[in-house]
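When the chains are written out, they are named A, B, C, D, E and F in that same order, and each has its own residue count from 1.
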Amino acid sequence: MFKHVDYLQFQAKPEKPDAFFAAKLQELVGGQFGEMTVMMQYLWQGWSCRVPGKYKDMIMDIATEEIGHVEMLTTMLARLLEGAPAEATEKAAAANPLLAAVLGGQNPQHAIVTGGGAMPTNSQGVPWNAGYIVASGNLLADFRSNVAAEAQSRLQTSRIYNMTDDRGVKDMLQFNLARDTYHQQQWLLGIEQLIADGFTENGIEDSNAEFEHPEANHTFYSFDPESTAGEGRWARGPALNGKDEIIYVPDAQPLTDDRPLGPAPDPKLFVTYDGSMGKGKPGTGAGAHAQGVANVVNKIKGAVTD
Amino acid sequence: MFKHVDYLQFQAKPEKPDAFFAAKLQELVGGQFGEMTVMMQYLWQGWSCRVPGKYKDMIMDIATEEIGHVEMLTTMLARLLEGAPAEATEKAAAANPLLAAVLGGQNPQHAIVTGGGAMPTNSQGVPWNAGYIVASGNLLADFRSNVAAEAQSRLQTSRIYNMTDDRGVKDMLQFNLARDTYHQQQWLLGIEQLIADGFTENGIEDSNAEFEHPEANHTFYSFDPESTAGEGRWARGPALNGKDEIIYVPDAQPLTDDRPLGPAPDPKLFVTYDGSMGKGKPGTGAGAHAQGVANVVNKIKGAVTD
Amino acid sequence: MFKHVDYLQFQAKPEKPDAFFAAKLQELVGGQFGEMTVMMQYLWQGWSCRVPGKYKDMIMDIATEEIGHVEMLTTMLARLLEGAPAEATEKAAAANPLLAAVLGGQNPQHAIVTGGGAMPTNSQGVPWNAGYIVASGNLLADFRSNVAAEAQSRLQTSRIYNMTDDRGVKDMLQFNLARDTYHQQQWLLGIEQLIADGFTENGIEDSNAEFEHPEANHTFYSFDPESTAGEGRWARGPALNGKDEIIYVPDAQPLTDDRPLGPAPDPKLFVTYDGSMGKGKPGTGAGAHAQGVANVVNKIKGAVTD
Amino acid sequence: MFKHVDYLQFQAKPEKPDAFFAAKLQELVGGQFGEMTVMMQYLWQGWSCRVPGKYKDMIMDIATEEIGHVEMLTTMLARLLEGAPAEATEKAAAANPLLAAVLGGQNPQHAIVTGGGAMPTNSQGVPWNAGYIVASGNLLADFRSNVAAEAQSRLQTSRIYNMTDDRGVKDMLQFNLARDTYHQQQWLLGIEQLIADGFTENGIEDSNAEFEHPEANHTFYSFDPESTAGEGRWARGPALNGKDEIIYVPDAQPLTDDRPLGPAPDPKLFVTYDGSMGKGKPGTGAGAHAQGVANVVNKIKGAVTD
Amino acid sequence: MFKHVDYLQFQAKPEKPDAFFAAKLQELVGGQFGEMTVMMQYLWQGWSCRVPGKYKDMIMDIATEEIGHVEMLTTMLARLLEGAPAEATEKAAAANPLLAAVLGGQNPQHAIVTGGGAMPTNSQGVPWNAGYIVASGNLLADFRSNVAAEAQSRLQTSRIYNMTDDRGVKDMLQFNLARDTYHQQQWLLGIEQLIADGFTENGIEDSNAEFEHPEANHTFYSFDPESTAGEGRWARGPALNGKDEIIYVPDAQPLTDDRPLGPAPDPKLFVTYDGSMGKGKPGTGAGAHAQGVANVVNKIKGAVTD
Amino acid sequence: MFKHVDYLQFQAKPEKPDAFFAAKLQELVGGQFGEMTVMMQYLWQGWSCRVPGKYKDMIMDIATEEIGHVEMLTTMLARLLEGAPAEATEKAAAANPLLAAVLGGQNPQHAIVTGGGAMPTNSQGVPWNAGYIVASGNLLADFRSNVAAEAQSRLQTSRIYNMTDDRGVKDMLQFNLARDTYHQQQWLLGIEQLIADGFTENGIEDSNAEFEHPEANHTFYSFDPESTAGEGRWARGPALNGKDEIIYVPDAQPLTDDRPLGPAPDPKLFVTYDGSMGKGKPGTGAGAHAQGVANVVNKIKGAVTD
C-alpha cells in the first residue's frame, strides 16, 4: 500500500516559462528511458521479487522514489508551460498571427490536450507503453537491465541539461544526474551482493549451462573478411567463466549444410509451391492447425486410458 | 553492404512438427528480447559507431550474425508448422470438427496470415516495434544495454528450452544458449576494453559529472519506515567512484517545501481554477503557445539588428 | 448497409490555406477524442446493441453523422494544405532555401505521405488505434463513456477554436462545438431514458451488487495525513444508493496483514529465490504451465467417465 | 513524494493456483480500463490539478489508493501462477508431453517473460499504453471520464467475478466491486461539488458557448429514413440548458451545397489531377510546405520592421 | 455525408454459435487486411481524391460498401458468440469447472470487454491502427496498394473459409470471396483507365523520372555468389519502359569506396569517439541542434535585408 | 547466413549538414514504406518462400540489397546531423539562446536519444513496427504488395527529392529513385513469370474460386444515387477472367432482409437487453465461454469413445 506526502522530493522551480524546452523535456518523462519507465519497471520487479527482506525492500524503496520523480517532472513541465505576460504577447501576436509558424517547436498537445500540463509521451509525442518494462523475476538479469536503464537515462538527462540556461531547471537536473549516478552503482552493487549471497557465481546468466553447445559459448565469429574485431579483448584471452580461452574465427562459414527452406506446404493454405520437396501434407482445411488436433486427441486418449 | 550465403549458420531441424511449441517460440523471434531486437539493435549501434576499427567491426560482426539467427528461427518455425500426415488427421478432424477448440493453443496467424511460416510478433501476437531498440552513440551505455539484452534473451531461451523434448529443437537452442553466454561476456569485456582504452574511467556513465548534486550521488533514500534495505551493500561501504562513502537515509523526508502545484492557468485553455494563485496569464488564445511567439520575435529581432 | 451523399453535412471552407494550423487540427481527426474515435465508437456500440428500436436507431444515427464529420474535417484539412501562390513563393524560397527551417511547424507527412491531404493521426503524428474505442454492450456504461468523449472532444475543439482567426474555419468549428454540446446532453438524456425504461435504477453500474464488500462501497480512504479531501461532498452525506452514509477514513491503514509477496517459484523458471518460503513446486519444465496440464487431465477424465 | 507500506490494502489470497484464470485476470491489470489506467489517470490528473485543497487532495488520495490496487492484483496473479504439486504433475506431463496443447489457455509470457508473475498487459497480451490516460486539466470533463472508467472497470470486474469459484479470488474482487461502486459515486458527487462551487453551471462542458451554432446545439439529426430514434427523450423535450426545446430532424439532408473535394494540388507532389479545378499552385518543390515559408518570411519582416 | 439502411448488404446467419471460430474470424475484421483497413483506406483515398467524377465516385462507392462489410462481420461475430443452451451447459460446466482450461481457444475479451460482441482487433487481440492505411493522393500508387490489399484479404478469407463447416458462415464468406475477386479486378481496371485517360504512361510510378540514375533503373544486383536469380524474367529481357534491356550483375560489389561512417560527433553529446576523424564540431550545448540556429539566423537576415 | 562488406552500396555524401532535412528524411528510413519495411518484408518473404531456385534467390538478393539501403540512409542521416562550425554558432546562440525556438523543425531525439544519428522511426517520431510487413507465403499476393510498396516508396522519395538542393543528397536519392523504378518492374515481371510458370492463370488471387458467389464476383454496386462511377472501365466490359461481363448496379439495395442485430445476450454478461428476442441463453457464469466448454466436452468424449 502507498501513501502520499504533498511535497516534492526535490524542488522543481524554473526561473521562467519555456514551452520549447518543455517539448524536449518530455523525453525524460515518457520516453523509452524516462521516469515512467523506471518507476513502472522497479514497481513491477519489486512486486515480482521472491526474496523477502533487503532485496525486495531495496527495490520497493527505489520504485517509490521514482513515482516521486515523475511527480517532480510533471510539476516542472506545468511550470515551464505557464502563459506569457498577457498584454505584450497578445499585441505582438495579434499583429503577426502567422508567426504561429514557429509554434512547431512547441508540443501542440501541451495546449490542446492537457491545457498546459505534461503529457505521458516522449519528446515526439509517442505515448509511453509497457513494452519498455523489464521484469523477469531473475534478479541478476533484471539488475543488468536496471544498470543499463540508469546509464541511458543519465545520458539523456545530461544531453538535455546542456540545452537550457535556466538556473532552476539545471538545479533539478543536477539532482537527477546525481540520482542516476548513484542508481547505476546501486544496481552494480546489487550484483556484487547477489554474488556474495551465492545467487550467481560470476554475474553471467547461465541457467541450464550444462546443456550449452561447448564451443559456441566462447567463440567470436567474424562475418567480414576485412574485420579488425579480433584485436579486442572480447576476441582473445580468458573467458569470464575462468575456464575457456576465447576463440576468434575470422571470415566465419556456415556450421551446417542445412539450407533455410521450409517444408512442403499444406495445399489448402494456398502457398506458392512447385512440388520440388514432395507432396504437401494437407490437414483438414485448417492447415497447420490440423496437426495439433491429432496430437491432442491421441494424447488425451492416452491420458484417459492410463 | 551485405551479402547472403544460402546456408544456415547452425542447423534448425526439429524431429517433428509441433505447432503448439511454435506459438511459444515466437517470443524468441519477435519479443522484447527476441532475435529481431538484437539484430536491429546491433545494426543500429554499428551504423552509429564513431570509433572506426575494432569497435565498429566488432559490433557489425555480431549484428551480421544476428540477422542469421532470425533466419535460423524463422526456418525452425516453418518446419515446426509443417502439416500433419494427411489421411489420419483429415479423418479424425472430419469426424470431430469442433475439436478445433483446442486450436487455441496454436497461433491462428500462423495459418491465416503466413500460411505456415513465422510471424514478426511475440508469443502473444504483438508486432515487434523499434521502441525496443537501444542505440545512443555512447558505447558504455549501449554495451550495458547489450549485456542486459543478452541476459534477458538467454533467460527466456533457457525457459523455453525446458518446454520441449524435441531433440532437434533442443540442439539449436543449445547453440543459442551458448551464443548468449558468450555475448554477455563479449559486452562485459567490451566495457573492460573501453576502460583500457581510456573511454571511461570506471564504467559508470558520468558525463557532466562536475555538475552533479554533491550528496545525492552517493545516498540511498528509503521510503518505508520498516524497510531493511539498509542491510545491503548498496546502502553502505565505499561508492564506486572510489571517493565517497554511501549514505543511508531511513524514512526519507522531502528535501524541499516545494509542493507539486502548477501555476495559474491561461484562462483561454478552460482549465478548472479557483484563482487562489492569482490571475492567469493569458496568451493570444493559443494558450501556452503564445509565450514562445514573443520570445522568438524578440530574439530574431535581436539577431537581425546585430 | 450505408449510402453516401456527395455533399458535406456542413461547409468546410477556410478563407485561406494555413498548413501550420492544419498540423494542430489533426488532433480533432485522429486524436484520442478525435472524430475517428467517436465515429468508430458509436458504430461499434450500435452494431453491438441488443435493444432494437429507439436505442439502436439513435446510436446508429449519430454514428452515421460522425462518419460525415470525419469527411468534413479531412476536406477542411486538404483545403488548409493548398499550395501558396506560386511565383512569389518560389522566388522567395529559391533565394532562401534554408528557410525550410521553419517548416518544422508543419506536419511533414502532409507533404511526403498524403500529398496535401489529411493524415489518420493525431497532432503529433501518432496513428489512430482501436484501443481508443469503448463498447461494452452495457448501455449505461457506454453512455457514460460517450458523455465523457463528447466533453473531452468539445474541450479540445474549443481550445483549437481559439488558435485561428480564419472566419471559415471558425464557422465549421462553431457547428462542431454545438454538436458536442448537444451530444453531451443526448447521452445524459439517454441515461435518463434508461432509468425511465427500467434498465438501471439510479445510473450506477451495479451488476452483482449483492456480492459487494458491504463497507468499501461507501467509504473514502485518504492516504495523506494532511489531506483535506474530507471537506468535499464525496466524503460525507448520503451515498447515491439512497441507503448508506458515506464514511471518511483519514490516514487509511492496510485492512489486512497480508504482505505483497509471491509464493516460492518453480525452480525451472530460474527466478531468484532464497528458499525462505519453502521448497518451490516444480512443474515439467514448463513451469507455471504444468499446473494446468494436471487440472485439465483430471477434469477431462472426470467428464469422460461420467 | 510517496511512501510505501509493506502490506496490501486488502488481502489477495486465492484458495489454489489457477493459471487459466490468471490469463483472464490480466484484463483488470493492463487492459484499457485496468488498474494501471486508473492509477496513471488519477496521478496525472492530480499532478495537473490547479485547484489546491480538497479537489487536488481528493484526486491524489484515490490515485495513491490505485497504486496499491495494482499491487494487490500483481500479488494475486503471482499466487495464481504458483507451480502445481511436483511429483504428480511431472509424471503426468512426462507421460503425455503433448498435452501441452491445452496450454494455449495459459498466457505463455507468464512463464517465458516474468517467470510466474503478472505481465503489464491486457488479457490478450497487448502492452498497456499511455494512450488510455485522460487528463485535460478541466475537472468537469475529467470527472466525466472518471465516472465512465469506473463503470467500465466495474463491469469487467463483474464479468470476471463470474468466471471463478475460488473463494479467495472472489473475496478480493468483492472489495474491488465495492470500490468501483463508490468511485463512480465519488466522481458524480465531484461534479455536484463543481456545480456547488460555481465551476460549472449545469455539468455540460460549454467553454466558448457564446460562439456555438445556435440551432445545431439542440437538434437531433437522423440519417435513416426508417429510424425510430425520435421516440427517445434525447429527441424531444427541453434541452439541459433550460432554454431550448430539442428539435428532431428525420431523414436529415446536407446543410450546405459544399462538396467534399480538395483544391487543385501542387504539381510537384505528383497527386493525380485532371485540371478541372484550375491550375495547381506550386511551391518550391516542398509542396504544401512552401506556403508556410512565404507566410513566415512576410510576418517576420513585419515584426522586425515594426 | 452518409446515410444508414437498417439491413445488411448480405445475410450473416451462422447455423450455430461457435466461439472458437469467432476468435479466428477477428482477423477479417481488425487485422492488417481486415475490413476495417479497406473501409478506412478507401474512405481516406476518396476524401483525398482530386479527380472529381468517375474516379472519386468509384472510390467512395466501394468505401461505402466496405462500411457495410464491417457491419456484416460484426453481426456475424455477435451471432457466433451467442450463449449455449443453458441447462445442459450449466450442468456440465458446474461439474467440471476447470474445463475452463480449453477456454484458451476463445478470445477472453469477447466475454470480458464486449459482452458477446466483436472486438476491433485482429485474431491475436492487437487493436487495429491507422498505420495500416495507404492513401497518397497518387491514384496509380494507391490502386496498386488496393490490388494488393484485396489479394491479401481474399487469401486470408479463403484460408478461414476452410476452417469451418458451418453452412451459414460459408455462405457469407462466399460473398466476401467474390467481392475480393471483383475488387482486385476493379483496381487493375482502374489502372487501365488511368492509362487510357493519360494519367500514367505505363503504370509505373515514375515522377521525377528525368533525374533517375541512368543504369540503376534497369539493373538486377545479386548479393549471393551462388544465386540463380538471373534465370528469371526480372533479370533479362526488355524493361517495362520499352527502352532499356535489363542488366544482370552477379555477385555485386559496392559502387563506391564510401564507408558507412558518421562524422566526428559534437563533444557535448557524449558520443564515444577516439578523435580519428579530427575534432568534433561542437554546438551550443544543444548538439546537433546548434547547426540549424546558424542557418536560420543567416537566412532570415537575408530575407529581411532583401 | 549473412556477411558484411564495410563499404556502402552507393555513396551517401551530403554537401553540408542539414538537421532540418534530416528530420524529414526519417520517413524514408522508418516510415510505413521506408527502407526498414522493404528490408524486413523481403527478408520475411524470402525465409517463407517454398519455391527454391530463382524465386527464392531473387527475393533474398533484393532483401540483402535493402539491408544495405538502410545502411546508406543511416549513414546519410548521421552526416546531415553533423555539428555546425563551432565558434560562430556558439557565439550566435549564446547571444540568442531562445532562438532555440526554431529547433522545433529538428527532431529532438536526434540529439537526445541517438547523439547525432538516425532514429528507427518515421518523420513524426513513430517507431517502426512489424505491422507494416506483408508476407503471406503466396507469391502472387506478396508480389502485388511489393509492387505497391515500391510505388509508394518511390513517390515519397520523389517528394522528398524536391525538398533539398543539396547535390550530394540528390545524388543518392537519384540512385534510390532508380532502384524503386526497377523494383516495381521486377515484381511485375515476377508476376509475369508466375503466370509463365503456371503458378497463376491470370494474376488474380482466386483460391477456392469454385465456391465464390457467382454474381458478386463481377458486379459493381454503387451506393450514391448520383454516382458517376458507372462511366469507368471497372463498371463495364469483360471481367478479367475472360468469361463474365461486368454488371453495374446503380443505387444498390440490400440483398437480404437480414437486419444487423445480435441474438439475446447471456444475462450474466450484463448487456443491456429488453427481452424482445426471447430469453438469453446463460452459460456457467463465464458467459460466451460456456458454449465452447460443452462443445469440447462432447467432442472429446466422441474422440475417446471412438
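Heads up, the rule we're going with is that a contact is a pair of C-beta atoms (placed from the backbone, for glycine too) under 8 Å apart; a residue touches a chain by one contact, two chains touch by 3 or more.
Remember, predicted model here, so these are calculated numbers, not experimental data.
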Chain D and chain A - chains in contact with each: B, C, E, F
Fraction-based call for chain E against chain D, same above half, different below: different
Geometric centre distance via CA averages, chain D-chain B, whole Å: 26
Length of the line joining the C-alpha centres of chain C and chain D, rounded to whole Å: 4
Chain F, residues touching no fewer than two other chains: 1-9, 18, 20, 32, 47-48, 53, 55, 57, 60-61, 64, 71, 74-75, 78, 92, 96-106, 108, 111, 113, 115-117, 121, 124-127, 129, 131, 136-138, 140, 155-156, 158-159, 162-163, 207, 223-224, 227, 254, 259-262, 264-265, 269-271, 286-287, 289, 292, 295-297, 300, 303-304
In the complex, chain E residues that touch chain D: 1-6, 47-53, 55-56, 97-98, 100-105, 107-109, 111-113, 115, 121, 124-127, 136-140, 194, 197, 199, 207, 300, 303-304
Touch list for chain F against partner chain D, complex: 155, 158-159, 162-163, 268-270, 285-287, 289
In the complex, chain E residues that touch chain B: 18, 20-21, 23-24, 27, 31-32, 102-106, 122-126, 155-156, 159-160, 163, 165, 223-227, 254, 259-262, 264-265, 269-274, 276-277, 297, 300-301, 304
Contacting residues of chain B [partner chain F, same complex]: 1-9, 30, 36, 40, 43-44, 47-48, 57, 60-61, 63-64, 67-68, 70-71, 74-75, 78, 92, 95-96, 98-99, 101-102, 113-118, 120-121, 127-131, 133, 135-138, 292, 295-296, 298-300, 302-303, 306
